[in-house]
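Each chain carries a letter (A, B, C and D) given by its place in the written order, and its residues are counted from 1.
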Amino acid sequence: MSEYAVQMMNISKYFGSQAANDHVDFTLRSGTIHGLLGENGAGKTTLMNVLFGLQNADEGKILVFGEELALEHSPKEGMRRGIGMVHQHFKLVRTMTVTENFLLGLKISRYPLLNPRVVKKRILQLSGDFTLNIDPDAKIGNLSVGEQQRVEILSALYRDASVLILDEPTAVLTPEEAQEFFVILKALRKAGKSIILISHHLDEIIQIADEVTVLKNGKVAGTAKIDASVRKEDLSRMMVGRDVLFDFDTQRKLCGEDKLVVQNLCAKNERGLVALKDLSFAVRRGEILAIAGVDGNGQKELCEVLVGLRKSTQGSFQLEGKDLTGKSPACIIANHVSYIPEDRQTAGLVMSWSIRDNLILKMFRSKAVSGALFLHKKKIDTVAEDLSKAYAIKSQGLDTEVKNLSGGNQQKVILARELSQGPSLLVASNPTRGLDIGAMEYVRQQMLDVRNAGGAVLLVSADLEEIFQIADRILVMYGGRSMGIVMPQEGVEIVGQMMAGICNKELYV
Amino acid sequence: MNNDFIISLLSGTLRTSTPIILAALGQVYTQKAGIMDLSVEGTMIIGCLVGFMTAFFTQNLIVGMLCAGIAGMAIGAFMAYLSITVKANQVIAGTALTMFGTGFASYLYRVVFGVRKLPPVVQNFAPVNFGKLGEIPFVGPVFFSHNGTFYFALILVLVTWFVMEKTVFGLQVKAVGEYPSAADAKGIKVGLIRYSSVILGGLYSGLAGATMSLGYMNTYTDHMIAGRGFIAIAVVVFARWLPVRVLLAALLFGCANTLQMRLQSIGVAVPSQLLQALPYILTVLVLLGVSKYVNFPGGFGIPYSRNEK
Amino acid sequence: GGSKEVTEKTGDSGTKPLKIAVILPGKIDDVSFNQAFYEGMKQIESEQGSAISVTYVEDVYEVADIEPALMDFASRGYDLIFGHGFQFMEPIIKVAEQFPDTCFALGTGYKSVINSCVYDVKLGQGGYLMGALAALITETGKIGVIGGGDASEIYRGHEGFKMGARSINPNIVIQEFYTGDWRDAAKAKEGALGMYDSGVDVIWHSGDGIGLGVVNAGLQSDKLVLSNIINQNVLAPNNVVSGIDYRWDLVIREIVQDVLDGNFLNRENKFYWIDVANKGLQVSSFNQFKDKYPASVFEKMDEIEKGILDGTIVIPEFEK
Amino acid sequence: MKPTYNKISNIGRQMLPSVISVLCALLIGAGVLALSGFDPFESYKTLFSGAFGSRYSFSETLVKMIPILVISLGTSVAFKAQLWNIGGNGQYTMGAIVAVWVCVYSNLPVPLMLLVSFLASVAAGFLYGAFIGVMKAKLNANEVITTLMFDYIVAYFLSFLVYGPMMDPQGHGFPQSCLVSSQVLFTKLLKGTRLHSGLFLALALVVLLYLFWHTKEGFQVKMVGQNQKVARLCGLNVNRQIILTLGISAAFAAVAGWIDVMGIHGRLQDNLAGSLGSVATVVALLGGLHPFGILLSSLLFSALVVGGASMQRFCGVPFSLVTIIQSLVIVFVISSTMFGQQKQKRVKEHE
């Protein structure tokens, strides 16, 4: 086996006039884990798409195990040469079973008929070898994100991938899941696989990678071997070009009466199963209440009920004493509730619209941008200009389509839209998921600002680090119920136990 | 209602549903692959003409069916080109092709056959002889009295089911319709599979058209399809793209249509125009009943492009 | 009025031929309403030679497109314009007023102006004959009639059919079916098959293109058919017993002659009929069925024809 | 910066591929004409003069344009919201039915009758569309199919009316309704032509729709069309919006029916709508769903129809060939947008 699994030389890839990759050199040694870091939009995903064959570079040269891979290759060719990729957004057909998803990737010329039995057997075998725990007959749509991730990895292994590209695999995992995931990665490395790991969590890179490459604005900002001397700060400086502040001033300035009061709330999920059971809590004025919990324990439904997208089946909630149970989103918005949805690309933004239009999605009826009938172009321009300045949205102009923005800047557009009105209650669902550390810092600061201005913030997050950084109190949800409320000082362990449903603190709220 | 009435109704149902079964089966591939194909009507009329023309000149019905299929595939390829390569809006592409098919068939017929005192005819498909089976009371006249096109349609129900459920191709069709970028990432050529599906849909529609001129009738006229293509599009949706349900749904429509004819004939006191609307009203009602359970493929109607996020 | 007078040089004769335009709502090979007229006109064309020149336009189906077609011909100096169908009535009246020197002829309808005429068929008579014939040759005592749209001329035919049949056998069972469409032959076929299934053994059809479907159903079920407008015996020699033939050439000849003679424009209320009396409506030849039926059948048919001629059989107008 | 100059040259650049592709389609059409033994030059001359050559022919082109234009404006409203209302025929017919019904069976004074029949048509169209919308929003019934099926149902309903309850009692049993009072009919704009004052209403609707897209309501329609989740999250009632949008869309088509009754038909007859619905579908999309674009494309199409009919009359070219040329125009125009886009991309890359 050659020393290098992958050598990418002088790779450039343009989108229009913008260079997503600008003469990038990247080397992956065989049998190692290589971290790939960079701010949102630095070009990490693009570089990996180029390697895998989903996108084709405009110039450069790619060697895989010493042999040249044509620049214009297809994913099929990439797979044939042993490259497997697990995408940031999973490439699984949700309406099909695990086995069917596997069958999809196989060559048809020799086997025109489906033979799920053979495939199933191999899935079980591989799943056992790497302790992936996958049921071949499960429908993808019914699997948790973590499980889907393992399916993706297994799918690459199934096709004998010797190079595995993992694009932000941990962004969607709980800390526990992430640790389990690292065990798997180590096993893979031991089995001789070479792995590229993209992540925004520097700790993770330091914990598991052997080497790291940092991209900045499409160029390589540096490469380093990871050893005991590497510190988080070094990496973040390389990425952002400055020190990133991770010590927020979290001291409570205001803390007042209950703002949001939730009483005995019950709700069902899409499939008609009970998702929220008798949930009661309150968020006070000038407070960030974090909801901790493993994904899928009712957090999504809770948010949706609070912003009016889902009907509750029982119970009620009041904002500043006003009963908003069962009210329409419009009515709830009118009561100054802002919402940062978890899935910004499909639920938060109109991707094919300009930044300008996305900024006024909520306020287009207000006097600030419209008259009795018509929208005022000039007023809109001013408002959008101001917002994009205030929230430091980096773009080539307000006409830029939002889909061409980096994840961080997309999130800023949402923040600008949702926070500019000075919300009384902010419901934020995993607002920093997939954001680079710079953007992460920014978003957390914005939430603190809302709190400090006297608003109430309900932060749903799967990221315990984030929760412990900025939350004033932590409510743990498990199986749609509250497991009780924890103060940050009480430590991570108890929260972890409650998230696993082991310990119920309900009694001494 | 006596026995004869029911026998007549049921055997008429099977007869009238044949072209709809075929065309709707073709749409199983097309729609499952994510393409909304409104060109079915135009493809059917082309198949109807080409099938008739070639059968007329070769005096061979099978050749006629084959050529109709090929012509259908050609229109399918055209639709595929517009909706997949050009990434045109599928509503406009389908409407344009239905216009094209209608005009082209009418034009070609006149060019080839000129103006005749009596229309050219072929010896159309004769009823299949099932021997003793045909003599079974009730069952015989209802099921074993038809020409080959109906049994051919039945066979295609099975074939389509088999292809969609048991072959890699069928799985790939579903994948490119549901989530094309996932299929792409798995190394499936999305364009190729979509092309194949639309062309297959065209093949079925072409055959469906030919059953009108070679099985149902024995000649060609311009308005022979008369909306049956659009019905097929509706049928496949409320059958939720399952071949066996397609069969049932097409039979339901055929039954409503035959029933209104029989009722008119025996002199039911309802204006004929309202009876004629019955099959369409029924289609809407069924659609309303089942729509809650109808989930269009995730990528339905959306052109796929790798570089779009 | 018109904008462009197109004066065409005519060949050797030196005199300008009468320019005639024929606008048909369907296709000239529909084996029915349109084709019968087309062929009638062709016959006149060959009789008149260079005295007339005829332009045909087919398939003018959309009602909104009728008026411009009439205008176009009128403004280009056509002398006589046929609109072959009831839907031409209002447009002809409008356009005729603007072109007082142009002659217009309307196929079926009830309104005319000084420079227009109506030609029509006494379809009630034709239907009566067919009804009687059907009643005479049925063995089951059940007969049927199938029409396209439920339009006036069709309706009149159907009512005549019922009356004629009942004149032979008051208890006869008559089934009636409209496809609701002038063109969907397959639907007509299914309707016919249903009738045959229920014991009907003779069907007369009265619609445009749909007749082909009825003939084909007869062929398939080996039952009897009576054709309409054009003798369709060749299509199913063993099933098409006879039918009613239209001879549009009679009225066309008359109209063209009146125009040529200068008789057209100075008369009011011009109605030209084809009916049994002027042999514009004729029972088709029986071909191979001549010997199948007893002489009494043919005698009875002759008797009825005479009755219609001498007024002993009165067939009302059957207006809805 | 020279914004106006840029804007104009931009429009030019956008139009150019369409113009070229129309020419390409005509060129192929010429080939087919020549192959079938017609003189293509003569035929096209006739087509052109049949559409624009005289006062009358141009007036006919405009007369034909009016319903196409108004229906496709409505179609475009639904399409903008990604609602595929392709049932222009049924909605047009419904508008016509209601218009005639009010005028024939009410005894209102003339101006009031005109107003009431207009409002009734609008209401009927709106309810029609809203019903499609309710089926879509509440029951998830695909609107392509429901609008298609409704076309058939309404066509038979019209047939029922003119053969039955609304048949003119003085009409000797012919399938048509009574004429509406000639006083409510639109005045003719040009003597000796059918061009009527409905043209102004149609043009007003173009402007109205243009303005509509700049209103808050218009913004909502577009928002729902882009992303329903976002719209819901931003406080829109998406179901209500779908119902409303389809209602507005169908109301346009119904108004087209009203205009045609008052402008040319004056009564109901079978098959009133012909093939307007499907033509309107493609016209709306070819016009880029922009009111002014639709104005142009509807003019192009009515010219093709009217000129094509003339070509049939005086060159003997069958109308089916005109249909073929029409569809070729559509195919080329939609193909050209692709090549246009690709070119723009390449240009950008080399900047």
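Just so it is clear, contacts are C-beta pairs under 8 Å (C-beta built on N, C-alpha and C of every residue); 3 or more make two chains touch, one makes a residue touch a chain.
In UniProt terms the chains read B = Putative ABC-type transport system, permease component.
It should be emphasised that the depicted structure is a prediction, and the values quoted were computed from it without experimental measurement.
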Pair of chains with maximal C-beta contact number: B-D
Distance between chain centroids, defined by C-alpha means - chain A, chain C (Å): 76
Whole-Å separation of chain centres (CA-atom averages), chain B against chain C: 35
Where chain A and chain B are represented by their mean Cα positions, the distance between them in whole Å: 45
Residue numbers of chain B (touch at least two other chains): 273, 276
Chain D: positions in contact with at least two other chains: 156, 159, 163, 318
Two or more partner chains touched - positions in chain C: 150, 180
Full enumeration of touching chain pairs: A-B, A-D, B-C, B-D, C-D
Residues on chain A engaged by chain B in the complex (per definition of touch): 15, 54-55, 74-76, 79, 85, 87, 90-96, 100-101, 103-106, 108, 111-114, 155, 345, 351, 403
Of chain A, residues touching chain D in the complex: 14, 16-17, 307, 309, 328-330, 332-334, 339, 341, 346-353, 361-362, 364-365, 370, 373-375
Chain C residues within the chain B interface of the complex: 27-31, 35, 38-39, 144, 150, 175-181, 183-187, 189-191, 193-195, 197-199, 209, 212-213, 216, 219, 232, 234-235
Complex contacts: residues of chain C adjacent to chain D: 1-4, 21, 55, 57-65, 67-69, 71-73, 75-76, 86-87, 89-90, 98, 109-110, 149-152, 155-156, 180, 318-320
Residue ranges of chain D touching chain B (in the complex, touch as defined): 36, 79, 84, 86, 135, 139-142, 144-146, 148-150, 152-153, 156-157, 159-160, 163-164, 278, 281-282, 285-286, 318, 320-324, 326-328, 330-331, 334-335, 337-338
